[in-house]
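Order as written gives the chain letters A, B, C, D, E and F; numbering starts at 1 within each chain.
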Amino acid sequence: MSQPIVFSTQRYQYLKEDLMQHAGLQWESGLISIRDFPDGEHYHRIRSDIRNKPVILLGGTIDDQETLELFDLANGVVQCGASSLYIVIPFFGYSTMERAVKQGEIVKAKNRAILFSALPQTSQGNNIIMIDLHADGISYYFDGNIRPVHLYGKSIVERAALELAGGEPFVLASTDAGRAKWVESLANDLHVPAAFVYKRRISGDETHITAISADVKDKMVIIYDDMIRTGGSLLHAANAYKQSGAREINVITTHGLFSGGSFAKIRNSGLIKQIICTNSHPSALAIHDPLLRIISVSDLILSYFRDIGLHG
Amino acid sequence: MSQPIVFSTQRYQYLKEDLMQHAGLQWESGLISIRDFPDGEHYHRIRSDIRNKPVILLGGTIDDQETLELFDLANGVVQCGASSLYIVIPFFGYSTMERAVKQGEIVKAKNRAILFSALPQTSQGNNIIMIDLHADGISYYFDGNIRPVHLYGKSIVERAALELAGGEPFVLASTDAGRAKWVESLANDLHVPAAFVYKRRISGDETHITAISADVKDKMVIIYDDMIRTGGSLLHAANAYKQSGAREINVITTHGLFSGGSFAKIRNSGLIKQIICTNSHPSALAIHDPLLRIISVSDLILSYFRDIGLHG
Amino acid sequence: MSQPIVFSTQRYQYLKEDLMQHAGLQWESGLISIRDFPDGEHYHRIRSDIRNKPVILLGGTIDDQETLELFDLANGVVQCGASSLYIVIPFFGYSTMERAVKQGEIVKAKNRAILFSALPQTSQGNNIIMIDLHADGISYYFDGNIRPVHLYGKSIVERAALELAGGEPFVLASTDAGRAKWVESLANDLHVPAAFVYKRRISGDETHITAISADVKDKMVIIYDDMIRTGGSLLHAANAYKQSGAREINVITTHGLFSGGSFAKIRNSGLIKQIICTNSHPSALAIHDPLLRIISVSDLILSYFRDIGLHG
Amino acid sequence: MSQPIVFSTQRYQYLKEDLMQHAGLQWESGLISIRDFPDGEHYHRIRSDIRNKPVILLGGTIDDQETLELFDLANGVVQCGASSLYIVIPFFGYSTMERAVKQGEIVKAKNRAILFSALPQTSQGNNIIMIDLHADGISYYFDGNIRPVHLYGKSIVERAALELAGGEPFVLASTDAGRAKWVESLANDLHVPAAFVYKRRISGDETHITAISADVKDKMVIIYDDMIRTGGSLLHAANAYKQSGAREINVITTHGLFSGGSFAKIRNSGLIKQIICTNSHPSALAIHDPLLRIISVSDLILSYFRDIGLHG
Amino acid sequence: MSQPIVFSTQRYQYLKEDLMQHAGLQWESGLISIRDFPDGEHYHRIRSDIRNKPVILLGGTIDDQETLELFDLANGVVQCGASSLYIVIPFFGYSTMERAVKQGEIVKAKNRAILFSALPQTSQGNNIIMIDLHADGISYYFDGNIRPVHLYGKSIVERAALELAGGEPFVLASTDAGRAKWVESLANDLHVPAAFVYKRRISGDETHITAISADVKDKMVIIYDDMIRTGGSLLHAANAYKQSGAREINVITTHGLFSGGSFAKIRNSGLIKQIICTNSHPSALAIHDPLLRIISVSDLILSYFRDIGLHG
Amino acid sequence: MSQPIVFSTQRYQYLKEDLMQHAGLQWESGLISIRDFPDGEHYHRIRSDIRNKPVILLGGTIDDQETLELFDLANGVVQCGASSLYIVIPFFGYSTMERAVKQGEIVKAKNRAILFSALPQTSQGNNIIMIDLHADGISYYFDGNIRPVHLYGKSIVERAALELAGGEPFVLASTDAGRAKWVESLANDLHVPAAFVYKRRISGDETHITAISADVKDKMVIIYDDMIRTGGSLLHAANAYKQSGAREINVITTHGLFSGGSFAKIRNSGLIKQIICTNSHPSALAIHDPLLRIISVSDLILSYFRDIGLHG
């Protein structure tokens, strides 16, 4: 199979560069022309010759513009005759709107799956590769026209945890009941105790921690959550662990969105010693602060391509 | 819209009769001929004239034979020219195999969704109505050819809980972490405390309760779980609540499968005072024991049809 | 058939209200809850009960947010069980990017057609109604899952022209060669002479008028164009007609986008006496200036629904 | 193209082994884990790494469990990312229920075709290979998502006939009118006379031979039928040929189902000297009797794979 | 449901008129404009307003022009917004090319099914109604986008047979082995003996009758065949029955194609006393000869529409 | 990738031979058997073994028979198991019926796109390659199952123009307003002036030239039109250019249909000195006249296949 050509949306340009560096010299960097018009339309042109070649396209469904740019580029890749298409979505936006809790709620995660399932097919098929989805079920929301792949960042998290612990014992902790099973499984793999907090949602965003299930007194606590958005749940949990006597709290998350002023809020709380997140979302990249260390998902992505024979 | 004709698979005949009684006289009972051949094939013939009429078809994906009978009847309904098709699946089998935990695991819940999405369409569309799915996401596994509807039996559970409590205070409890959020929400609606147990799976089926998050001492505990299959988790949880001082333990479940000799095992444990389940699975109907009370899902199903204008 | 429920995207709320007023009392106004999150996601919930009822949804593909809001609302309408869906797109964005001129250009008009063709179907089918498309072919870009309808605003334009002329003779004129055939046909229907300008595109946006095909000296000229975006072509043409002796220049356009500061630029040129456009694009509504008169497309839309038996 | 990995359903394990032996060393044997649960569900996991590799999957639609196992394994192969899928169905169950004779009969052969057409596609497409279908038309019941291939076992039958005859003259005979054309064509190819019996179906299974069209007196008769299920037709025909003076009767069939106690019934009739069938159905393999000789379809299957360049 | 509008292809205009007369006054006759261009293209315009109304379209796949006219009109009906479409194909051309006998033969019956399955759908679905298909399986060649209906003309044939016999005894006979089962079943229903001839195809069109299975001496023979094309098989069979002593031979066929000079050949043979065929193919209508009596399929078609509630 | 096998419809046999000569020795010529039956049916058999090989199929939608032959051959190619299919349509018939001008007009260009989109897919996908479409939008009428490619014959036209001019200055001219933009662009590329005529269609075919936009006096005029059918527009335009003083008129067209007696009419007019067209339509090939020079599209087609790696 010939070497792939790699493209990205505008805001994931950084990840493309990072991936290309990891991949070595054989992968070709795809060229695009982009222009924005004052009426809200955008112009895209694929400048590389991709006919009958495999294409990797990086982007995230992080907001409306990026979502449509990703969709439009993917359509362009098919229209231009690529032999296969691999859409890599490091962070799948709307993954928390994955079901209707109340009658009439619009299930955006399904809509995004419908969107990418609607792409016409390249001659050897379309694939969509996602990392640490908030809800596993989302992989199965796509229909038969596209082959979804869910990459688990477990090894990244484990490595980060061991590094943060630096040989000391620690407790792996979750921010809420929804991740309890995930953290339990991770703790079992790392042979450390697991801790959980349980919050009761009183109304809207107001929540109240009702219980902690494990002993964290005088221990290092490492909280894992798949994503940090407003940081609300994280700070509630960290506070509860602190009040239960935790000596030091560190945080690992796959997707660091830190939306609004949430990173400042977390730093100003003084509760967290270190946060590690991946470069799956461009927002994390914009933060330059010793509190935050960013590690790359490029190796995880490359190992997938190596496994299917598209080695970098 | 004309009145619907109602069919069922063989093992859901009881629910068809129950539903017809609830629906009143206007719904027509559909006639089918069935013959089984020694080589493993089956013969089905729809004897009612269903051309250009709405059809309701009851059945569950409870084992291979029922699954294919439901699929074959549904295909027959389409082939014979019904105007619309409503497949009512009170218990959706394989709902716990809704994602691959290990590489290579075959996701049966998706496969069943693919199966029913493959039905050719009646002139006014196919619908699939399911009750208390183990994983909400499953509704979104179906593709665009069929409209999935998820009916929540919350009102049934709440009514059963109030009845069991008989005016006394009680704690609503879960059997494991996976249902924590559901039980918490239900407890909030009932304005009662919620209790959770957390089990650590040691290997295969062997699990160990590590923590209980709420005070159950001297209280009536009502455990809710969406389904009881082997009863293993239920008994572990009941035992833990008992050892934490619960005065009396009752159980509500939507789907009572009680597979193998599990019902006897539960009764013999002496831990449970009363179990309430619905008639969503034929296995529950086969048990005649004062320990078990069965309530019907027919009203829940009928209220859906009333809402869409196909009133009984 | 029951009366439809009408929804719109946020920026087309004004057209929904206008349409409801024209439709009379029988149509129901649909209710939606919307919330925007700081991370770029949006929350939508359909609050009306639309099960088994026809739904009309108004919106335009005018920018990324509106396009996805329209797509998400349409998906929600299907998920919630409407019997039929009529998406009314008064202005179809990207209609000028309807083919690849250079190798590798991404054809957005096709992508948008793919997007709306991807909607799962309501029981009685999905329809998309568009007004005065820039390229007729776009109707045929949609695939078999959705039925496209192209409404021509010819009668609106003709009425506007007669009103502007006030009984005086006039010449109907075009802004460039691309619309020559359309203007010719319109002029034939109105029994007036047609005028054309021919511009040579020198490079990028720089164009040069090379010829005018008809005598406009001392005459009232009414220019028709399907849309005004930057106003560049319009001003070039108006200038040419003026220099050829036109006594007075008026303008009719279906879609008034007036992007950037283009309206001011047109007004400041002093070339145009009066502009008439429809309310198909929200930008036109934001302009309050005696130079611009806005007429409604609601009657055109309603006459379509009357013809198919969904009368207001 | 890389070498394929071969899987089978549980009951076709024997054919997989036979095929692997014929194929030589280059084909890889696929590994699966299977577990059955007491509630009627099954667990399957594909243990081999099949990403981007061609997969051959053997199985038959011989009963409900096998049919769904085959469907589930096939879905798993697609979900796990195989590059192509070749489903080999040596015996296609329900091939006699290939059309509705009476109003309302459910056409199972079509339903099975719908089932396998519903599989999502591997990147290089899905194929279904069937042997000696009872009705040729069934190949065309599949839709465009899967490429059906019908392998004719004519050469196997002819070789078997020549072997049975051992150089002596013989008459090729059919069991009923439905196979008349097939036997006639086969007889023409073998340059032997063809004989036919015509039965009148009186009611249900009761039939009466009304005529024999060729002279079989003192001749060796070799009956060919595509499948033997209950053996009823075969014994009626054999009896008629015997009464018409046939010296010796032998039987060739592609698919030996021998359902119920039919093999014993045939043997006890004493009418047949030798039966040859293929290993297309596992039931035949369970019979160990000098009356029955079983020949393998592996060469037929392999020659197909050799022709398309997937040589063993 | 509103009354349908009826259209036909050019060559089936006669059947439309016949059907309209049978249907009574309520059905509306659809108007079409047609023009042929010298370069081989055709122009079609549907002049009736069919938006949201049911449409019946009559036509046959009798040659290339009719096939494409039927396909184009059907597409037009969908494009113009009919609520439902019923394509009535009295004679389905290529029904004898329903499977590949030799490797590489192109299966036209499947291709025609693909053609009509490709029609975009009306809001309440597309239907295709066919009469006395040469091979039953063809109904199942269509995919899920269109609902096939196979009408059996058995009652027409039986009525014709009783009329021909005029109270006298007769033998029902077939022209070749392929129709043996059909004729047998028909004979059983009429309580008369069945006769069969068996021909051996020597090469190409040359065939040789080898056997007759029933006594026809001094009896009236009524041959039934689903279609008469070149008349070759018919004359061979009639000749054989004559030589076996038949007193008088009559013929019933559903589809009278009589291609080339075949009708004259049949008449000149002097073998046949009377032929009855239906008006399913326009060629039969062009023959005016006392030997041929034509009966209408309109009642058969109308009874279908009456059954589904679209009564004439 | 293995070398392709090339097939064509009957009337494009000449282009297949021409293409094979240009391609060199490596491409294999595909073998087909064809027979026509008196009842209007045709028999086709693909005699080459095309399993798992790429296939190129040449043909045009020039009339009903060719259209269905192309469709049937394409279906046959898929049914026989080709790995990929490239349908080359040098002239796409019905390209002027690409939209409905009046209500109810049937859009044949869309119907033809639906036809070829309906082909089941080869394992590596279906492609359709078209040359100089009358309306660019038609490429986007195809749905996702087939990948359309539009080849522009610009280089052929430019080379022909330079050759005709023989170094002398010339004006590039169009036949009507519809091609104005195309001719303008071509003239810009050739750095020559562009001339346009504008005709007013009075009724039906009667048109009247109203204006010429450029100075053609004493100049050589080269008219370009994408196709010549009846030659009416061409002669009107040529006459107008002549009357405006053109010294000499030459014509270039991609598609020379010359339907009816139009070529004679053109020659007899004496207006045109030389016509150059391509061999995209078989009608042009039938004309042997010094007025007409025919150039081949084979190089254009081959360059496409070379670009995607299927080099001749």
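By our rule, a residue touches a chain if its C-beta (ideal position, glycine included) is under 8 Å from a C-beta of that chain, and two chains touch if they have at least 3 such contacts.
Keep in mind that what you see is a predicted model, and the values were worked out from it rather than measured.
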Third chains touching both subunit C and subunit B:
A, E
Chain by chain, through touching neighbours only, how many steps does the shortest route from subunit A to subunit E take?
2
Compare the two sides of the subunit B and subunit D interface and say whether they are made mostly of the same residue numbers, over half shared, or of different ones.
same
With chain centres defined as mean CA positions, report which chain is farthest from subunit E.
A
Give the label of the chain whose average Cα location is farthest from that of subunit C.
D
If you tally the C-beta contacts for A-B and for A-D, which one comes out higher?
A-B
Between subunit A and subunit C, what is the separation of their C-alpha centroids in Å?
39
Quick one: subunit B and subunit F, Cα centre-to-centre, how many Å?
62
So how far apart, in whole Å, are subunit A and subunit F when each is placed at the average of its C-alpha atoms?
50
Spell out, as numbers or ranges, the residues of subunit A touching 2 or more other chains.
79, 107, 110, 114, 119-120, 124, 143-145
I'd like to see which chains touch which, written out pair by pair.
A-B, A-C, A-D, A-F, B-C, B-D, B-E, C-E, C-F, D-E, D-F, E-F
How about subunit B: which of its residues touch subunit D in the complex?
37-48, 62-65, 67-68, 71-73, 75-76, 79-80, 93-94, 97, 100, 102-108, 110-111, 114-115, 117-120, 229-230, 257, 259-260, 283
Note: in the complex, subunit B contacts subunit A through residues 98-99, 107, 109-110, 113-114, 135-141, 143-144, 177-178, 180-181, 184, 188, 196, 198, 200-201, 210-211, 213-214
In the complex, subunit D residues that touch subunit F
84, 124-125, 143-145, 147, 149, 307-309
Parts of subunit D lying in touch with subunit A, wherever the complex brings them together
49, 51-52, 78-79, 81, 119-124, 145
